[in-house]
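Per-chain numbering from 1; labels A, B and C assigned in written order.
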Amino acid sequence: MYPFRNDNVFLRNCWYVAAFNNELDAGPIERVILDEPVVLFRMADATPAAMFGICPHRYYPLGRGKVVGDSIQCGYHGFEFDGRSGSCVKIPSQNAVPGRFRQKIYPAVEHGPWIWIWPGEPELAHKDLLPPLAEIGVLQPDWRVDHVGLLPTAGRAQLLVENLLDLTHVAFLHGAFVDGAAFLQHPVEIVEQPLQLMAHRQMRSAWVAGFYDLLFGPQHRFQGSHLAETQTVFYSPGYIRTNSGVIHEIEGRDSVDRSVFGEVRFHHILTPETAQRTHYFSTMSRNYRLDDNGYSIAMGKLDYDVRMQDVVAVGEIEGNLQRFSMHGPELLARSDAASMRVRKRMQEMLDAERL
Amino acid sequence: MYPFRNDNVFLRNCWYVAAFNNELDAGPIERVILDEPVVLFRMADATPAAMFGICPHRYYPLGRGKVVGDSIQCGYHGFEFDGRSGSCVKIPSQNAVPGRFRQKIYPAVEHGPWIWIWPGEPELAHKDLLPPLAEIGVLQPDWRVDHVGLLPTAGRAQLLVENLLDLTHVAFLHGAFVDGAAFLQHPVEIVEQPLQLMAHRQMRSAWVAGFYDLLFGPQHRFQGSHLAETQTVFYSPGYIRTNSGVIHEIEGRDSVDRSVFGEVRFHHILTPETAQRTHYFSTMSRNYRLDDNGYSIAMGKLDYDVRMQDVVAVGEIEGNLQRFSMHGPELLARSDAASMRVRKRMQEMLDAERL
Amino acid sequence: MYPFRNDNVFLRNCWYVAAFNNELDAGPIERVILDEPVVLFRMADATPAAMFGICPHRYYPLGRGKVVGDSIQCGYHGFEFDGRSGSCVKIPSQNAVPGRFRQKIYPAVEHGPWIWIWPGEPELAHKDLLPPLAEIGVLQPDWRVDHVGLLPTAGRAQLLVENLLDLTHVAFLHGAFVDGAAFLQHPVEIVEQPLQLMAHRQMRSAWVAGFYDLLFGPQHRFQGSHLAETQTVFYSPGYIRTNSGVIHEIEGRDSVDRSVFGEVRFHHILTPETAQRTHYFSTMSRNYRLDDNGYSIAMGKLDYDVRMQDVVAVGEIEGNLQRFSMHGPELLARSDAASMRVRKRMQEMLDAERL
């Protein structure tokens, strides 16, 4: 299935965010992940549990039940399943419980403000494969985190992955919010590492009207040029971060005042719902104006509006892919280099999983 | 198709309710039954007719037409089809009518407050296969009938059949309305007869708070225990009746006052719309407080709320069955005994029809 | 696919209306035609262009972009495609554009108040295959044109074609608006020509109550009979015209006053959206009361209400065709003669295209 060679498009040996951690506070939730129904809940000690979400007795959704100790109780006939082992531990209408019934359990971990699950082979679920919080700037003393929300996206996850790795769309798709003309012809350096791929560009330019006014405030406008670096870092198909740019130098100044010219990071959390739909979790963090709630609200609004343009575009493209057969080859451009490297890498990982 | 061995899941040689009888009073109606479009109407002498519902001229729905004598007239070009023979008897734009055109007719009968049709072989459509009205307590001098309505259900009929045959779900799915804890571990006796299967239980218990308050009124509360019997009677895949329980003895009393402690019967009328949807007709009857309209309204509200919980649950389960492939074997419990007997019996009837 | 022998039901070598011409004034529009997404826009000199509507770079809909000179600019990354050649002429993020990328272009022409496109072989797209404007009474000095609108129809185009060629449905489907009893048994003469098929009837009858009151005004009622001729002319699967009837003689009068007893023509423009949906463009023209705007509004309302009955009927029939398998042969009547000739002719044209 486009853009991969086979219809098996889910990389299973990977951490995916299943929920914001506060979503579990009010009880169990159900969510479809990699085309499987999953019930998520907190056990008695608050540890998260993730279990196949359909009761094996009558196929009722376990997410409609309630938590009893470490177990989830089905809302139809009251059968209970343990969150650690998956075993059926109680059938209210009889005394003995046959030992052979066991629900599938997914490794689950709370890491940062998110609940992550591992849909692949449990023995490969190492926590050092999660994005390091210190590195990404989340739950650190000098970084503030704000959630924007969960954006249900009617398109396959890889469309969002490749959208994020090519920021030349900013000038057109997001042209109403952000002046992206600076990105258009600026060279991008791609740095590949075993677990990451970073596309970054350094640009020397003037104050970026509109965008910088929003970001830093018009009262901080400066004359002359500055050197800024933007980064897009692919950690896994489930987690990509971009940023607002880091200002390295301002012409005529000895140093950059970080309390004014800080960095906003956009955490793009992509969890396939089905082969053609995606849970797009949106989180921001920043290292300045930490106590400025109004600024969080303003940036959250901007972030939401921009991401929704991507969500809508990806939905349109998905509709075209599903409804119309393709005509001729894909027209690739220089700006697709990073996307194509990631696509190739993911194809290799998918192929490796199938062996 | 679950839970049967083949995809041919419709038992055709069976009476199914196609409509409440008063639905036909205002003109023809169309309804999909066993995945066939059916037009239902009353002929000149008020006898019900059931005919394949699509005009063979231009495939317009006959249910959008009008009744002319014993015929249904198509609303597109005015062709008329006789309700007894199915023959085309008039083509307005010409004089002669070719004799070979004949619509399929279904045996149809008004029995109780319902219109029943027989989708199978017409020569097998014997009226003694209909549930006897005297036995089920409908249209009898000492029984009152109330309709609750037609509940469109987005799930296969067998899910409702098996739901009704295992009342241990009452304590959980209907826990907000009815205290079903008494049912949970109480032994059920199953009585099989050629045309019926009855699951009944006798229980000795105290006044059932909540449920008995609704049913009998809190002013009639008694101390001590009583002996009650509940019944679930499967007559056919199209008709099952349950009841509110019959009180046989009250501790310390010589007799049970039937004007206070009567019986409510719940008639569960299940007509497959398609292989994955069901027309669930809901009727109640009772043998006490016959003139108490307010009581009918209160019980109708309770009945509706409880059945809608089943309707919603069955819709959830149907969604799971359609969307997700199953994982491992079905987890059956002791309380599924009656359901499994009916499932086996229906599988045998389905197999017999295919021979 | 019904009513044709094969699933290839689109006659491609044919002019189809893609839009009313004023739809393009506000920018590009996208429309699915013969199951292909098409972007339509006006180039710098106002000439219409029609192009395959999905960007070959990222499959974003080109109809969401904007017109730049003679090109359509994609709204995602700004790639530009020329409306005459289909060539990609600009990629904003790089200097050179690979020459090999070329979008499919459809021959397009503005003819009358409509934009027509030719989905088949471009070299066969001759303008003399368009309906002649003088003959059909559109954009002529003594004819007024009014658009009623584009009616999205949830049914295959051939259902509308055959509906229009058999007006015996008027007495039933449109019985509330138009007294069609006169049509029912009146002989129809069918005249076949290479590019047309005309079904017409001459009828001698009295003032047609209701319909003539609307058409000519009750103050012009006359006693005695008149001779009227109605026509249905099939030009192509994409264009059929009918009329309100032409009055040739009125009993006891030497001539017919054309300023009172004029002719209204109903232009039925049928463009397949998919194999099971149709764009039904509705236009009227008339040769009397040219400046009477109130009359246009009244006739437009009648035209809309009548066509919507056809749209709804065709949707019902399409639903029956899709959902239920057919039962037995089609029941054809004498009044289907013209429809069957057109069906046969179209089958021959479809077969010829496949060779």
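General observations
Here, contacts are C-beta pairs under 8 Å (C-beta built on N, C-alpha and C of every residue); 3 or more make two chains touch, one makes a residue touch a chain.
Please read all numbers here as calculations on a predicted model, not as lab measurements.
Rotation angle for the C-alpha superposition of chain A on chain B: 120 degrees, rounded in steps of 5.
Because chain A and chain C carry the same sequence, their contact can be compared by residue number, and under half of the numbers here are used by both. Centre-to-centre spacing of chain A and chain C amounts to 48 Å, using the average Cα coordinate of each chain.
For chain A, the set of residues touching two or more other chains is empty. Taken in their complex, chain C has these residues touching chain B: 166, 168-169, 171-173, 183-185, 313, 316-317, 320-321, 323-324, 326-335. Chain C meets chain A in the complex at residues 35-37, 52, 54-61, 64, 74-79, 88, 91-95, 98, 101, 104.
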